[in-house]
Every structure is written in structure tokens, then in C-alpha cells.
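What follows are several structures.
Consider the two complexes below, in which chain A is the common component and chain B and chain C are the respective partners.
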Partner chain A sequence: MADKVLMKGNEAIAEAAIAAGCRHFFGYPITPQTEVAAYMSKRMPKIGGVYLQGESEVASINMVLGAGAAGVRVMTSTSSPGISLMSEGISYIAGSDVPCLIVNVERGGPGLGGIQPSQSDYFQATKATGHGDFHLLVFAPSTVQETVDLISDAFDLGDKYRMPTMILSDGLLGQMMEPVVLPEAKEPTDSKDWAAKGHQGKRKHNVVNSLYIDPSELERLNRERFQKYEKIKETEQRAEEYLADDAEIILVAFGASSRIAHSAVDMARKQGIKAGLIRPITLWPFPEKFIEKHVGHAKSFLSVEMNMGQMVEDVKLTVKDRKPVRFFGRTGGIVPTPKEVFEQIVKINGGDC
Partner chain B sequence: MSKIMGERPKALVDVPLHYCPGCTHGIVHRLVAEVIDELGIEGKTVGVASVGCSVFTYNYFGCDMVQAPHGRAPAVATGVKRARPEDVVFTYQGDGDLAAIGMGETVHAAARGENIVAIFINNAIYGMTGGQMAPTTLPGQVTQTTPYGRDTSVAGNPIRVCELLSSVKGVALAQRVTVDCVKNVKAAKKAIKKAFEYQMAGKGYCIIEVVSTCPTNWGMSPADALQWLRDNMLPYYPLGVYKDVGEEGEQ
Partner chain C sequence: MSDLNILLAGFGGQGILFTGKVMAYAGLMEGKEVSWLPSYGPEMRGGTANCSVCLSDNKIGSPLVTNPDVLVAMNLPSLEKFENDVVPGGIIIVDSSIIDKKVARKDVTTIYIPASEIAENAGIKGAANMVILGKLFKETKFCTPENLDKGLQKTIPARKMDLLDKNRLCIKLGTEN
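Then we have the complex of A and B:
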């Protein structure tokens, strides 16, 4: 068993990526994710890897496209406004079926917003990270340890499905320190036979491309990609349940806000209120199956988010008017307190607190 | 009896090109392919196609190819080269791609001394979208979006890319050529070959600007377009070597 070490969330992201065999990092500084880049700039030259600071997020994501197209395990990390700038490249990456890892350590928006933690990029991560029909596999860790564990999965599943994946973290998880056990280090592999890496005269040329002038060809490829997405929806949904089996009021919360929701559930249970929590770990695919399981016995759902109400729409789409779905959130970089969330539970339960 | 004067270069796939009659892209494609053949590097070359008329180069070159977003070819090529330093990597970009939307990526790839070759087609117009003003459109030149001629007090001035990049440390070779006649075609090929050789020697960023024609969007016959190029383009964009670090490399 490996030793436990105390690590900052952002640095753990970098070390976990290296352990997963990633040797190529391209990025641009932005608060609150800069420690990822700083850590990579220190480590990569020591292990024969590549750290390169692009002149912008736009350039960085296109460097990721190039390295990913050439068949290596590659990543970038940024924070919310940076994802907006990367959207173009992410769309091309998805349209070219190139695997890579994109980390978003979210901050408050819109615009320049603020630098405090937020979850206001849920829509952007799960619905429209760029133009066109596509999805990313999106993981939302809630602890530093889980961040470390999910990075390895994100790389492996990205390669398996040939698609970009995202770790949706936030300023809180990125900046906090927690004890972690790092996974056994994997060596980089080089086995992607579709990659543009030089055909050595041994095969027809590979073309990594997202342009299809013939509309029937483009439709066919989009349909194929969505068949893949259906398979992913079937097999890759992940969530954690906490006291959900007998719960009447079920909170749904991911990432940092799920930790607060967890505490609020404990406070409610102490008062004899049957509260529970479903914590989506994959945001796309949204873990519908885990919610569906509890629609029968739950009296109502409460989506707790650090935004103005985004994931709540997916909860509603899953619950389909069978039970009331409510929302509580703080935004702009404000982190809700367990007491605030507890008060919402009490209110739903029909009482005062 | 007909006699075949020259075989198709191996590095050029045997498919019909989509370019308009009289367009000089075809000549430049052939030169790049001949250089790849002569250096014997097709198997380890990765080309990066840009957005514009030349986007379909990924179908024409026999080496592995990646298609980049508009203007981003230098960044994509950087990613390929950093992932596969043993490979030979080139971009093939038009003037809108390289000198407008992609100027940032171009200058920074150059400043990093990124070990890639940029083949830069300057025909002073946006071809693919149907003839709009380019960053290299000449003063007074009529395009779809400068219908009264490019008024530099409104639309700004044309950018001389080789001159600009010649001031950037990291550039190993910046040379402007054209392909309007046999002599110049030969000189262009020599320049392209030198650029690829420089990359293989690890010298840094190389750009070969090819002053080109766009008969369709200039509204001229191919022969008139070549004459217009000589009379108007070459005075503004003089041919020549703007930077060459030579055998010694940059001092």
C-alpha cells in the first residue's frame, strides 16, 4: 500500500496525471488553477515530459489537439474563462475523435467574474462546450483523493472511447489540502493506430480531421458518435448515494457543494428528518439511473449547487414531474453553509427551524 | 505518341485537386511533395492543414495529416512536433489563416523557434469564402468587402509577413518566393527544400511565403493573374531572403 501524502488539490491533479502516464501538458496561467501548470513545469522536464506554456488558452488547446492527434496522452488545465476560449478547440477535438484530458478548476462568472469557487460551468461542461453535436465525459470529484482516482479513469475512458474528457473541479477543491494515496505509476504507451505520427511507409496515411463537406457523411459520423454516447450513458454513469434508501427528501449535489449537502443531511437526520444525498460523479452522462431508483420513495428532491440553478434541470428531466424538484444555490464565489442547506431541508419538510 | 515528362511525386496522392484553373496551389503542392520525396521523409512527416482553400491538403499529401482550426495550424503543429520530435512537421496556410486570425499563433511559434516549416500562400484575398479582403490585400485592391478598393485609412495596411518575422529571434529561415515562371518555380522549390532541411537539422521556425494568384476571385484569366502578380504583388512583396541563420545557426 502506497503512503498517504498531504497534497493541494491542484498539485494532486498534476501528479495523478503523471502517474497515469501523461507526459504532455499545454496550458496558460489563470487563477485558481495555476498550481497545476506550475507543478507540471517543475516535474515534466525531470521525467522527459513536455510542459509548454502557450500564448493563450486558444493556442494551448490547439497544442493539445496536435499532441493528441499524434497519439500521446495529453492534457491541459484552466479555469472557467479559459474554457470559453478553448471551446473552439474542444469542438474540433471532439469532431476529430481525439482523446485528451481537460481540467476546469471553476471560478465565478459570467465574464471575468471572480476568482472564488463556483459551479457555474455545469451547462458549459455538459451541454455546450463548443459548437456542434458532441459531448465530453465529465467527472466531478468531491475530494482530493477522488480527483486523483478519476484522472486515471478519465484518461483511460478517453482513450477507450476516443473522446475528450473533463475533470470539473472548482476553486475550493483545487486549493484545499487533503491526504491522498497516489496510484501506482503507469508508463506512457504508444499504441494508437489511428494517430497522425508518421506512417513509416507501412500504411496508408492517417488523417485526423473534423471537416465533412458532404452533409450525409457528416450526419452519418454524428450519428455514429451519438451511438457511442448512448453506450456510454448505459455503462458509465456514476454516482454515490448517502442515506438515500429510506430518504424522503433527497439532495442532489456534486463536487464541493456535495460535501456541504452531506453535512446538511447529517444535521437533518439528527432532527429525525429522513434526508439523503445522491452525488453525481459523472455529470455527463448524468447519473439518471441513480435518481430513477429513488423517485418512488422520495417525497421531493433538492438540487444544491454553487450557481443559479443548472444541474437542477437534469434532475427535473429525470424525475419528470413525478415529484417536486427544488433548487438551492449560492453563486458568485459564495460557498453555501451546511446550516443554509439544512434550513432548506427543514422548510421542505414543512417546518420552521 | 505522347511522352510523360514528369511522374507524379509519390508524396502526392493520386486524386483530382479541387483548385480552380490557374490557381498556383497545385504547383506549390507539387513542390512540397517533390521535396518530401527527395528527402525520403514521407513516412515520418506530419502535415497540418489550415482553414481556407488549402483545407483539403489532408487528402492530397500522402503523409499523415491533421486538420487545424482557422489560424491555429502553428499551435497544432507545435503539439505534433513536441509529441513526435523525430517527425518532420509542416503547416500549409493561406494569408487569412496565417496573417489575420492566426497571427498570434504564428508569431509565438516563430519566437519559440518551434522546429516546424510553414508554407505560406499569399494571394492577397480570401479564396474559400469567395474573395474578401485579406490582411495582405493591397492598398486600392478591390475585393468583395473592399468594393471601392482597400482604403488603408479605414481598413488598415497590408502586412508584410516575412519582413515582420525576420525580426523575431527563433526564425531560422524567412524567404519570399513566387511560382509565376520556371525560374521562380525552381527557386521556390530550392527554398522549400532548404526549410525542410533546416527543420531536420533542428534550426528552428522556417517560413516560405509564396506570392500566389487567385484568378477566380481576382476576376482574371490565369495568364492575366500572373501578370497582375508581377505588376502589383511583387513590388509590394519583394522576393528574397529576409532571414537565414545559415550553417552556423542563430548567433
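Then we have the complex of A and C:
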């Protein structure tokens, strides 16, 4: 096994992408994500890859579309306001069925907001990253190691389903260092038979496009894409359960806030309160199956987020009024403390809220 | 030692983040779960730089240390900002060549060490952080001496390896003063 090294989350994102065979990076710097681009700018030229800083996020995401359409592994990374700028391009990418990896190291919003960690782009990532009917496969790692592991999966599943994928990280996970074991490096491949690239006149040319003037054709394509989404919902849901099997109060939290929720569950258990945690690893598809399993025995659910309450809506849609679903969050770049979350659990346990 | 949450704070350029990284690597060598989290953004420029380090036998929850077991204060604003956050029974290590003020709290162990002066007298200006690290190591024994040294070797970049022995000397001076 390879040695454990200490790496910043952002640097680990870059190194993991390279290990997964990515040789094309287009982006534009923004705090707290800049180390991804900085690392890529150092490494890519040494391994025959492309690092290109576009003149803006809008330019960068369209370069991603171009490279992806040519069939190579390609990625970009940015932070919250940057995703808003990229949203048009992301919609084109989804409409063109082009795989690529988009990394969002979230910061507080709306607007320019702040630069401290946040999870306030959950809605944007899972419901409407751009105009039109589409989804991204969205992964939410909670450690630096998991970030590394999910990047490889995100590239592979993006290729498998021909769709853009997203790693939803945040300033905390991006800036912190933890021990990681990097995966063995894969060689880049570009063996996609649909890709629009040189073919020396040996076959019919491929077209990668998102413009369909005929409504019936566009409807057919959208329906096909949604059949694919249904299959993904069936097979790709991921979550981690922690002490959930006998839990009466089940916390639901992803990414950085799940680490705090985990500590709060431990504090509650020490006081004899039966608390547990479900940590969604895929945000889209939302891991309904993992929640559904526990609706019977749980007395209530508590969604813990670093925003004003976004994922809680998906928890409610899954629980369907069978049990109370509550929310606790901090926003604007404030990271909740385990004690704050624990106090919410105590309050719920006392039944006075 | 079981869990140890450390907050290191001072000016940018004092080697706060570096010190934290040595500790995190030493903890990793020790087989601990570790995390290192820097402050980032505008406060890094001219104000206070700080760094959270967690060493634990268990999975680390929040890597953000809000109530440290050990606070290292290398300038006055840092001491004033974080003094009241230290857990009762915790430790505050103060670079007394930079900070005149005494710690008001009575429920913590306060250690005053003229780290900058010690480093300067040893001819290694700017290595006060390593003197403090030596002191912190002596007080908490957060790892074995061998692993501390391995942590140091892992953290010093290859192009600065000529400074290894000077750093070692400052750590040693910290343990002796």
C-alpha cells in the first residue's frame, strides 16, 4: 500500500484527478478553491497535460465542453459564485451528454458573499445548476481521503452515463490537511465512440450538440435522458449510516457538517440519547433508500446543514410527513459546533420543540 | 495522551502553519488520526494567522478547534482573542519575548517562554516557533521524540533541508527552557 501523506483537500482533488487519468484542466482562480488550479498549473505541464486559465469562468466551462466533446477526461474547479457564472455552460454540457468533472469548493453566499466554508449551493447543485431539464451526479465527500476516492468514481460514472458530475466540497474540506493514500495512477484514455474528434474520414462524423429545433425530437431526447436518471436513482444512491439502526433521533448531514453531526451523535449517546446519523454521499441522486429504511423506527429527523435549510426539503420529501423533520443550520461561513448540534438533539429528546 | 486539540496563533510569517504541520505529521507517525486546518483569507495578511490541529485516537469530527486543550499565542491579539476559549485545565503557551501581558485565567496552566529571544540568542532568528514546539512537546508528550523528529523531516521542504539541524536545536532549547 502506498504511504499516507498529509495533503490539503484542494491539492488532493488535483492529484486524485490526475491519478484518474485527467489531463485537461480549465478554470479561473477563486478563494477558497485556488490551490486546485495552482497545483494543476504546476503538475499538468510536467505530465503532458493541459492547464489553461480561461479569461473567466464562462470561457473555462466552454473549454471543458469542447475538450469533453472530443472525448478526453476533463475537469474544472471553482467556488460558489464561479458555478453561477458557469451555469449556462453546464446546461449545454448536460444537454450535449458530455461527461466532465466540476468541483465546487463552496463559500458563503449569496452574491460575492464571503470566503468561509458553506453548503449553501445544495439547491443549485441538485435541482438547477442551469436552465432546462437536467441533473448532475453530485458527490459530497466528508474527508480528504473520501474526496480522493470519489473523484475517480465521479469520472468513471460520468463516462458510464455520459453526463457531467460534481464534487461538492467546501472551504473547510478544501483548506484542511488530512492523511491520504493516493490511488494508483490510471493512464488517460479517449476511447469514446461518440466523441467528435479526428477520424481520417474512416467513419461517419460524430456530432455533439445541445440545439434541437424540433420540439418532438427535443422531448424524445429529454425523456431518454430522464430514463437514464431513473436508472441512476435506482442504482447509484450512496450514504453512510452511523448508529442509525436503533436511533430515535436521526441526524441527516453531508460533507463538513456531517463531521460535526457525527461528534454531536457521540455526545448524545454518552448521555444515553439514542441518536444516529445518515450521511448522504450522493446528493443527487438523493439517498432516499437509506432514509426510508429508518422512517419506521426513528421518532424524528434533524437535518444539519451549513445554510438556511436546503437538503431538509429532500429529507421531508422522503419522510412524507410520517415523522417530524427538523432543521438546524449556521450560514454565512459559520461552521456549527458539535455542542450547538448536541443541544438541538437534547431539545428534541425533551420533546419541547 | 488521548485526544488533543491545539490552536496555534500569531502573526503571518512566524511559522504558525509550519509548526502545526510538524505536529500533524508527528501525530500521523504516531498512528493517530490527525487534521490540520489553517485560517485563510484576509486575516492572514497582516493580522493574525492561526491553525487548528487535532490529534486523536478516534475519527476526527470538526477539524475547527473552538475550545483548545492547548493554545499557543505568539502575539498579543491572538492571546486576547483566544484566551477565554481554552478548556478549563488546559495549557496556554505564551511567547513572553513578544507578549508582556499575563494570562488572567487561573483555571489553566500558563507557560511563559521567551521563545523569540531564545531562538535569536542561538543565532536562528525566526525560529521561535520551534522553541515553542519543543516546550509544547515537553508539556504534553503528544508523540515520541523519534516521531517528532520524523514529523519535522517530513515537513521541511527538500530545498530547505539544510535548516533541519537548526530547527532541531531550537526544539531542544524549547524542551530545556
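Quick note on the criterion: the second predicted complex is superposed on the first by the 350 of 353 C-alpha atoms of A that agree within 3 Å, B and C clash if a C-alpha of one lies under 4 Å from a C-alpha of the other, contacts with A are read in each partner's own complex, and residues count from 1 in each chain.
Simple rule for what comes next: contacts are C-beta pairs under 8 Å (C-beta built on N, C-alpha and C of every residue); 3 or more make two chains touch, one makes a residue touch a chain.
As the structure is a prediction and not an experimental result, all values here were calculated from the model.
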Fit or clash - chain C, chain B, common chain A: fit
Chain B versus chain C as contact partner of A:6, first or second or both or neither: second
Which superposed partner A:176 touches (first chain B, second chain C, both, neither): second
Touching partner for A:92 - first (chain B), second (chain C), both, neither: first
Partner chain in contact with A:116 - chain B first, chain C second, else both or neither: second
Partner with the higher number of touched chain A residues, chain C or chain B: B
Shortest span in Å between Cα atoms of chain B and of chain C, once chain A is used as the common reference: 29
Footprint overlap on chain A, where chain B in one structure and chain C in the other make contact: none
Complex interface listing, chain A residues touching chain C: 4, 6, 31-32, 115-116, 171-172, 175-179, 259-260, 262-264, 266, 335, 337-338
Chain B-facing residues of chain A, complex: 24, 26, 50, 52, 54-56, 58-60, 62-72, 74, 88-89, 92, 96, 195-202, 205-211
In the complex, chain B residues that touch chain A: 13, 42-46, 48-49, 55, 58-59, 61-69, 72, 75-84, 86-87, 104-105, 108
Residues on chain C engaged by chain A in the complex (per definition of touch): 21, 24-25, 28, 34-38, 40-41, 59-64, 66, 154
